[in-house]
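A, B, C and D are the chain letters, set down in written order, and residue numbers restart from 1 in every chain.
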Amino acid sequence: MTTVGVLGATGAVGQRFVQLLEGHDQFDLSVVTASPSSAGEAYHDAANWGLDTPIPGETADLTVRATDPDEIPDDTDLLFSALPSDVGADVEPELCEAGFVVSSNASNERRADDVPLVIPEVNADHLGLVDVQRDRRGWDGALVKNPNCSTITMVPTLAALDEFGLERIHVSTLQAVSGAGYSGVTSMEILDNVVPHIGGEERKMETESRKLLGEFTGAEVEYHDAVVSASCNRVPTLDGHLENVFAETRDEPTPEDVAAALEDAPTLDLPSAPDPLVEVFDDPERPQPRLDRMLGGGMAIAAGGIQTTDTGFQYNCLAHNTIRGAAGASILNGELLASDGWL
Amino acid sequence: MTTVGVLGATGAVGQRFVQLLEGHDQFDLSVVTASPSSAGEAYHDAANWGLDTPIPGETADLTVRATDPDEIPDDTDLLFSALPSDVGADVEPELCEAGFVVSSNASNERRADDVPLVIPEVNADHLGLVDVQRDRRGWDGALVKNPNCSTITMVPTLAALDEFGLERIHVSTLQAVSGAGYSGVTSMEILDNVVPHIGGEERKMETESRKLLGEFTGAEVEYHDAVVSASCNRVPTLDGHLENVFAETRDEPTPEDVAAALEDAPTLDLPSAPDPLVEVFDDPERPQPRLDRMLGGGMAIAAGGIQTTDTGFQYNCLAHNTIRGAAGASILNGELLASDGWL
Amino acid sequence: MTTVGVLGATGAVGQRFVQLLEGHDQFDLSVVTASPSSAGEAYHDAANWGLDTPIPGETADLTVRATDPDEIPDDTDLLFSALPSDVGADVEPELCEAGFVVSSNASNERRADDVPLVIPEVNADHLGLVDVQRDRRGWDGALVKNPNCSTITMVPTLAALDEFGLERIHVSTLQAVSGAGYSGVTSMEILDNVVPHIGGEERKMETESRKLLGEFTGAEVEYHDAVVSASCNRVPTLDGHLENVFAETRDEPTPEDVAAALEDAPTLDLPSAPDPLVEVFDDPERPQPRLDRMLGGGMAIAAGGIQTTDTGFQYNCLAHNTIRGAAGASILNGELLASDGWL
Amino acid sequence: MTTVGVLGATGAVGQRFVQLLEGHDQFDLSVVTASPSSAGEAYHDAANWGLDTPIPGETADLTVRATDPDEIPDDTDLLFSALPSDVGADVEPELCEAGFVVSSNASNERRADDVPLVIPEVNADHLGLVDVQRDRRGWDGALVKNPNCSTITMVPTLAALDEFGLERIHVSTLQAVSGAGYSGVTSMEILDNVVPHIGGEERKMETESRKLLGEFTGAEVEYHDAVVSASCNRVPTLDGHLENVFAETRDEPTPEDVAAALEDAPTLDLPSAPDPLVEVFDDPERPQPRLDRMLGGGMAIAAGGIQTTDTGFQYNCLAHNTIRGAAGASILNGELLASDGWL
């Protein structure tokens, strides 16, 4: 078994890591960290557990440690980071310098030239950037990132459709409140309402998508030259980001071609990798967040509503934002790191 | 005063007509109709009133009539239609043949060559089609339509922006449940959920928009040649359709140019016409359905989130779907008909 | 294996039966019925499946039969009824006359003198009424009922507390929309709203509770003489009925006594019976519908908020209304019937 | 005109004060205060305005002052307090000592022997405690409180029903999120959920109700000896507290008697006092928060669902929690203070 830890384990995303790691085939969760004020408490006391399954028994009694390289046992093979990005920006480099491999969901450094931003089914080869990173930064450890939850919902579909030559993408998102963290969206803001803005999210989608779809040359990632424009909205759903995608491509695929390409999206032989990666619905009313967010254990992408437009085609896609879009994404990256011999 | 009636007055849209006509400067509501099963009842008994203001006193005691030309007094100057489209398709032509002028919210015949589809601030001159209609159909009356609620939210902004040369429009809608009528969306469907499909809505937006923005030659309407692609979603809000618009235009306006054009959208001197027509927000989190749907008494369009994209610009717009998008739209068309001497 | 069928299998409660019977240890689902208009279709076509797990593979391809004694194979050992009460009132007696044993969730005949109304952990001995029923009605089969969803949430706690001598109960319910069926509550009714009335529900709670807590003499059930007053509300939750109970008892138990009595509620050795039956929370903010409705696979009762009042004590209880409160209740009754040799 | 100020004017309740005071017949709002960090800013900049009507023009440009006796002009006749209770506990006595009359919505000192807790239609004579207060504390000013929002919803109905001899009251509340302030309830807590606990609320209802219904002897208030037990719940509504009341009385009134007593509740000739005070619905599905919270401009109490129980009777009541239950309550107390010559 690989010994793993979760950094920032008491927050909303941290709790998802703990939930998803329960009974994992390869990973044994033995370290949980939080801010110094919680250090020394039992995990079940420190976490205000808010998921609808019980706290895993093996984790409940772990003692919370401060998020500090000196507090992490040296024999921890892999650290998952659920840290806020400002904390991650401070601590993650220190941990990598100290020799730890960090699979991080935090948004800091996602665009850095020598930090791999990875969705295993899309661009596993970008992990090669770790050699560049180690060389440049003098680290024994490594820092690997997964993208933002709204990006991760769309990019596996775009990767599958790039065979038609992606040129322009317009995307509108309908994002669940859990994406903002436990206290991120107040009830007064969102009951009977929509907020048509999520700070920084649109730029993240536009940039991260092109990095993920880019080509790794051995020395750097050349961004894909498709143009992506995003409009992001917060809606009154708990979990599951739904996205309306308008695509313009070099070729003119039929809706059947689009469906076939999505259904043929590659799958991987990793514990958390869903099969199929993309489930395509004929019913134009699907996918829907409440009904379809748990497909593939929350790791699959659901798609539907495929139609031709005057300038290309359109479709909808959906993923669980705190599983495939956050904790599950980092765990899958960790599984890829283990499988490819980086630990 | 102009004597008016409401066809289909007991349904959700019909109730809005009754509410909005209370105390109207020019219109005196004296006729309410419903299906034959309600005929003879007092309006307050026949309507299962569901609005959060009381039933207007002067309407509460009106006797409901069957929706039948023989039941409408000849001296009724103007009829507003809140009928379902299948009923409207049967009854509206009979009423026009019998000499009544009908301002209708029902979707039947919106695309007919000789039926004016009108938003007064956008294409008041299309009313000239009534002459064509009377000539062709041999009617003494007239049939005038307002567009669908999702179309009406966007088109006043597009009309204001056409000075930049509209070429391609991509729009995603986040539509309130009231747009589907009182029983249209069940709670099981929409709590903690989004339904990414509204039957027929996308095609209505694409076609009606181009007719509204088209040019009336005196004999027909030449559709605007912009390309419109729509993706329509139902979200858990009560009232207010919010729309994300991506525009590509011949010119390359700055966000300031876009805001100025929207703020300069023309206003009319009619009782229900808002001033300004479009209210532009600087705050990127606005407009929001709950906060902004009642701007201008529910008749104004709210806009915000204006940004440049790689291929044009994007913005959000919002309107109250059962006021500006339905009953209020028909009333405003009625005011235009009165003002222009068609009654 | 016991061969079972589900009557009314395509509706909301019927789908829960199908979901819960997937992989059941003892029951093999081989018959699904619906209205004659669906007869002959495959189940996956006839059911507009609305649960967030896939249709069980073994059921998806079953051919739907009409709900008619002539259509049910004679060797079906047990029928579960998810029929509307008016249909149940017609068909259930015919089925029992034809020799079938029916475990029914429908509300018809729940108060009949010779029909056992059963929660296995509370009054399993009431099954003895089947002998009375067969004798009186001349049936080879049998009709057994589970109570209404709001009753079933409270009565296991009352049964555990009757050791203190129940005298007066006041209960307010906060009930989820799924209790009214898929189309029972419209979104316009319940978004940003509460409906403080559920037709007939209050009387059901008051009467069914006293029957369930009553004593079976061998010939009849003598109702418990506690006084129950209920006030029932529909709130915007999907699943899970929460209830505020005020109890007045002969004795004056402390909150600790109350908690201990609830925790000591008896459990049964049946496949669907939860252990513990009642989970008691110290945190006064629990139980909550979204977090706690799936305790014990949706079959447990959650309780909390225990406090002394001037005239007794108060507490909250919660159960999943379509599992413990409907389909799961009937299945558990079926398990009891099998275990006690009634099949 | 009476010159008034609002303490804590930028928060959620403070904004309601500002909204309700727009165009008031007697009160001229000329002072708005907030925490020192906002002092010096224009009100429209300092307040993150969240109501669905625009900021009143006359208030938008007022300069915000610190909540400090030295900053309030001496000629301010009346101060409304929307302060948090901990700030109120510090500042309100200082203001009263400095000679200001304070009509406060803050919960501090509501139970103090010499502080009148007032609902004008219920216990206007309790204002006589101001003489006791001035005498005991040596103040020139005065401190008058309105009760908690959940108390204020029920007590006007109890006062009307006390002619039957109130003995025991059990009440369950279904309270809107706005009662907890703008950030009080997160969306993760309340979407698809109910929280069956509001800290301290149950005790407030039990104690404040008995003080309000008590008798003023000239020297003190003798609490009513009815027993009140409350169970408080937070539900996903924006505004409007709905309450289920079970009453046991000395007499045995019929439902018609109860309705008549409620309809006869006294009204006052003050600008914000509704007439009738209590609106009684026959339809058992009413009152509902979304439909009925704005009755009487948000100042009326709605009641319905009147039924006899085995031990008395039950009914539902509803009021707008931030109008009748907070800002409007303080304004009405201010109107009473002005009318009775206390300013």
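Simple rule for what comes next: contacts are C-beta pairs under 8 Å (C-beta built on N, C-alpha and C of every residue); 3 or more make two chains touch, one makes a residue touch a chain.
All of these numbers come straight from a predicted model, not from anything done at the bench.
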{"item": "Graph separation of subunit B and subunit D (steps between touching chains)", "value": "1"}
{"item": "A-C against A-D, pair bridged by the larger set of C-beta contacts", "value": "A-D"}
{"item": "Remotest chain, subunit C as reference, centres from CA atoms", "value": "B"}
{"item": "Where subunit A and subunit C are represented by their mean Cα positions, the distance between them in whole Å", "value": "41"}
{"item": "For subunit A paired with subunit D, centre-to-centre distance based on mean C-alpha positions, whole Å", "value": "47"}
{"item": "Subunit C, residues touching no fewer than two other chains", "value": "50, 191-192, 236-238, 290-291"}
{"item": "Residues on subunit A engaged by subunit D in the complex (per definition of touch)", "value": "12, 50, 177-178, 182-192, 236-238"}
{"item": "Footprint of subunit B on subunit A - complex, ascending", "value": "168, 170, 172, 174, 191-197, 202, 227, 229, 231, 233, 235-238, 242, 244, 246, 284-291, 304-305, 307, 309-311, 314, 316"}
{"item": "Residues of subunit D touching subunit B in the complex", "value": "50-53, 191-192, 238, 290-294"}
